[in-house]
């Protein structure tokens, strides 16, 4: 896909993560976007290889075309540039729940090998060690988008053996819980971190290490993962960011 | 029919200790000034409701106005945690805060059910999540035609719904536009409503994506320019993004928080006074 | 993504014998031209769906295209009965017509449920009426919180949804405004959709009360000026009120009806041809 | 109420009916209006004694202020003059069902002494003698508006002992069915015809003849009613249309 790879340009691991996330979106993909890395990645895709990617923000903006990365999901640049602005009840009912969205990006404080996500609490729910923001749109994004891409920085505190609270269901315990519950979407398909990319393997029923970013060793990834991470047969190195990807990304972020 | 009043009169007359109150706004049109006035008037034991409680809810909680929060995402968007909210949940400071949490889709369904006069709403949601375990307000019903199990959530009936809007006319009709979130539902779900408007106009110029609330469903209108600061009112102001970052260290330290609230909220009497008390770099360049 | 095509190609490709089809429109933006083309192409055994079946449904029924009608109010608004509909129901002419009838609120709930991807919707309705006795598609569910009994109706999933709109752009996005009825829900409830537009424009000028359907939910767009005649497209045409009165005696007499349909629909090939075949007084002065 | 009554002006019984219906609306009343006589009556009220009556049309027009009687409930003059235009699902859910409407006007092909309405069929449902248009918005208007006003021309075919089909529930059989079903509205309170006005009597649990229009005898009304109509103690003559009422009415209808 990227043709103008130049290895002598330096980039940060966060930039690599954003570029890897952007590459998941093919042109025309309809994408439910949260703020932060997902918004950056989706806008990067739109600025590079996927000019017709459709960005949907939970604030009700459909087909937003921001000329800068919005600092919030309700930024004025989103509503002004959108094809349509609808109320929040409608965006969740007519657009997300009805199964019209191809890709949902979700962040995570904790994620497990089945892509179940915790953004609610660290520790016990009733007396938490750390109270996190909570669910937001994530439970239904995880249920109803055709596929989900999870992004977070790689650490054994984030990619854990067992999450403290299931805010958003991934693949449960890998035994087909999505099918039993009749969830419309296929669930998390990729976990993109600053070290590599994990992909869900339907036969092994868990996420496998599928790509390592340039300069990252497989052992680095395994050490930063809180469960015994399996490595895919197809493991390969992520192509480095291209100059056009980096310049587009940096034009957004002001870096 | 709409009454017109000052902000302090509107809060005095409509928000009582123990009420269930929503100050709604989805990034856009958040009624900060009303929250400040509730703090000034020292309301207690409020059940606060909001999809996205942010800084103004952090302030209400930190100042001890709330005993319960019903919400779906509590954070300082793009900047970090709500530390006063966290202190209340993690350490009962300044007192215990009961929480009832939902997903955005669930909260939106609850508002829509209430606006529709229904006792509950249904959605395909919550399935397989632990949210179901920690509240009694998510249940499941079977479709009487297909047998499919769907989540049910109760209507979010409010005592008071407070929103910002861009304009009211002299007859008390209200118009807002841009991102309209659940603003209409907040007014229609409430026994009593307060709308803070940027200005009162002779006649509306109908607006793309405009939502008009007729005067016979609007309680009290308050003319309160920049009542949404540091949030924004499209075509009147820009979001003060700096303020959200500025808030993070203030919120983190309870003493610093209390000093700030004293200086900027308790010692001021109006929203204009509040704005004038802030460093000018926070306020300037937010007027469109 | 939207396809652009002619009306005859759009009907040929999307509307098949036995399909469940809605040609929606609430007085405004009724897709008459699409109904005429369905008649020309001789579709059979359609299940026709509409809140307010009017003259075009009278024509489809009288010409034998339909075996079932799902509806809430069937009449010639302001002018009288739909005589072809009545002949079908009262005397099985030209053949039996199964009916399933609801209230407007029930039909709107069914469209909204389908647009939301839910299997059913709830409303406070139908209670104490005989409508409940004559269809299996109104049931009752209990609120899992209050125990209140509410009516439940199944989602109105369509094979084909057909509407009129004022404009499409070259990317196939669609915009309509004025009375928008259940037009959005009709497209979102359908596997395949056809939108007849007054014109295709380079770029939209955003419009007060405008509804935009993005191209990735729109099936086929047909440029078909006056495709809603004798209904209207706000800012493009006026409703041809005379036509509704003119239709009454034609509809009343089956032979006269068949002669009229032959001359004006079967013997013409396009909507322009249909309009040209009419007495000019019916058509003139309806362009805004 | 009417002060400038002039008996030497002639008027039709349909005009009397429209005027009587208009007088039911006090200023500021929020009124759900169907096409035909209800629309005429509501607009007449707005043009005379109730300038702030709020007209809501089921097409989604809230606060419509038409300058002529619209020939349909979806006329362009309604949307252009409205305070707000909303979709049809919203008008039924957020506005009607939520109990925000004071008065609903309903027509009827058949009505009984309890205000139950038939607009569906004359005869048997499965093989009807006359197939009528059906329910439209009426069942939920009858359930949810605070009060309902029924208008129809007076005849023994219309005001019947037993209706053939309950399209919209009035007071059932007078035994409190509305309360048992938990319907929010009080149900039909007046039946306005071209001969007089019937009002629902809560103690006698049925409609009583309450007013006769000028020139109409009580016997005329009883003869044109298909059940043994009781006469209210307070029976009186409807004040004749005033010149201002008639001129406003005729300016709408072009008569």
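As written, the chains take the letters A, B, C and D, and residue 1 is the first residue of each chain.
One rule holds in what follows: contacts are C-beta pairs under 8 Å (C-beta built on N, C-alpha and C of every residue); 3 or more make two chains touch, one makes a residue touch a chain.
For clarity, every value in this text was computed on a predicted model and none was experimentally measured.
Peer 1: Treat each pair of touching chains as one step and give the shortest count from chain A to chain D.
Peer 2: Minimal hop count between chain A and chain D: 2.
Peer 1: Comparing A-C against A-B, which pair counts more contacting C-beta pairs?
Peer 2: Higher contact count goes to A-B.
Peer 1: Mind checking the centre-to-centre distance between chain C and chain D? Centres are C-alpha means, answer in whole Å.
Peer 2: About 28 Å, centre to centre.
Peer 1: For chain B versus chain D, what separation do you get between their C-alpha means, in angstrom?
Peer 2: 41
Peer 1: Touching two or more other chains, which residues of chain C qualify?
Peer 2: In chain C, residues 112, 117-118, 123-124, 148, 184-185, 209 touch at least two other chains, as defined above.
Peer 1: Where in chain A do residues touch at least two different other chains?
Peer 2: Those would be 93, 97, 144, 184.
Peer 1: So with touch defined the way it is at the top, what topology do the chains form here? Options are line, ring, star, complete, other.
Peer 2: Other.
Peer 1: What chain pairs are in touch here?
Peer 2: The list of touching pairs comes to A-B, A-C, B-C, B-D, C-D.
Peer 1: So in the complex, the part of chain C that touches chain D is made up of which residues?
Peer 2: 26-28, 51-52, 71-75, 77-78, 81, 85-86, 89-90, 101-105, 108-109, 111-112, 123-131, 134, 148-149, 178-182, 184-185, 209, 232, 234, 238-239, 241, 244
Peer 1: List the residues on chain B that touch chain C in their complex, please.
Peer 2: Of all residues in chain B, those touching chain C are 117-124, 137, 139-141, 143-146, 148, 150, 152, 154, 206-210.
Peer 1: Can you tell me which positions in chain A touch chain C when the two form their complex?
Peer 2: Residues in contact with chain C: 28, 30, 54, 62-63, 83-84, 93-94, 97-100, 144, 184.
Peer 1: Using the touch definition up top, name the residues of chain B that touch chain D in the complex.
Peer 2: Contacts found on chain B: 1, 112, 115-118, 173, 184, 188, 211-214, 216-217.
Peer 1: Which residues, counting only chain A, touch chain B once they are in their complex?
Peer 2: Against chain B, the touching part of chain A is residues 35-36, 58-61, 71-76, 78-80, 85, 87-89, 92-93, 96-97, 120, 125, 127-131, 133-140, 143-144, 165-169, 172, 177-178, 181-184.
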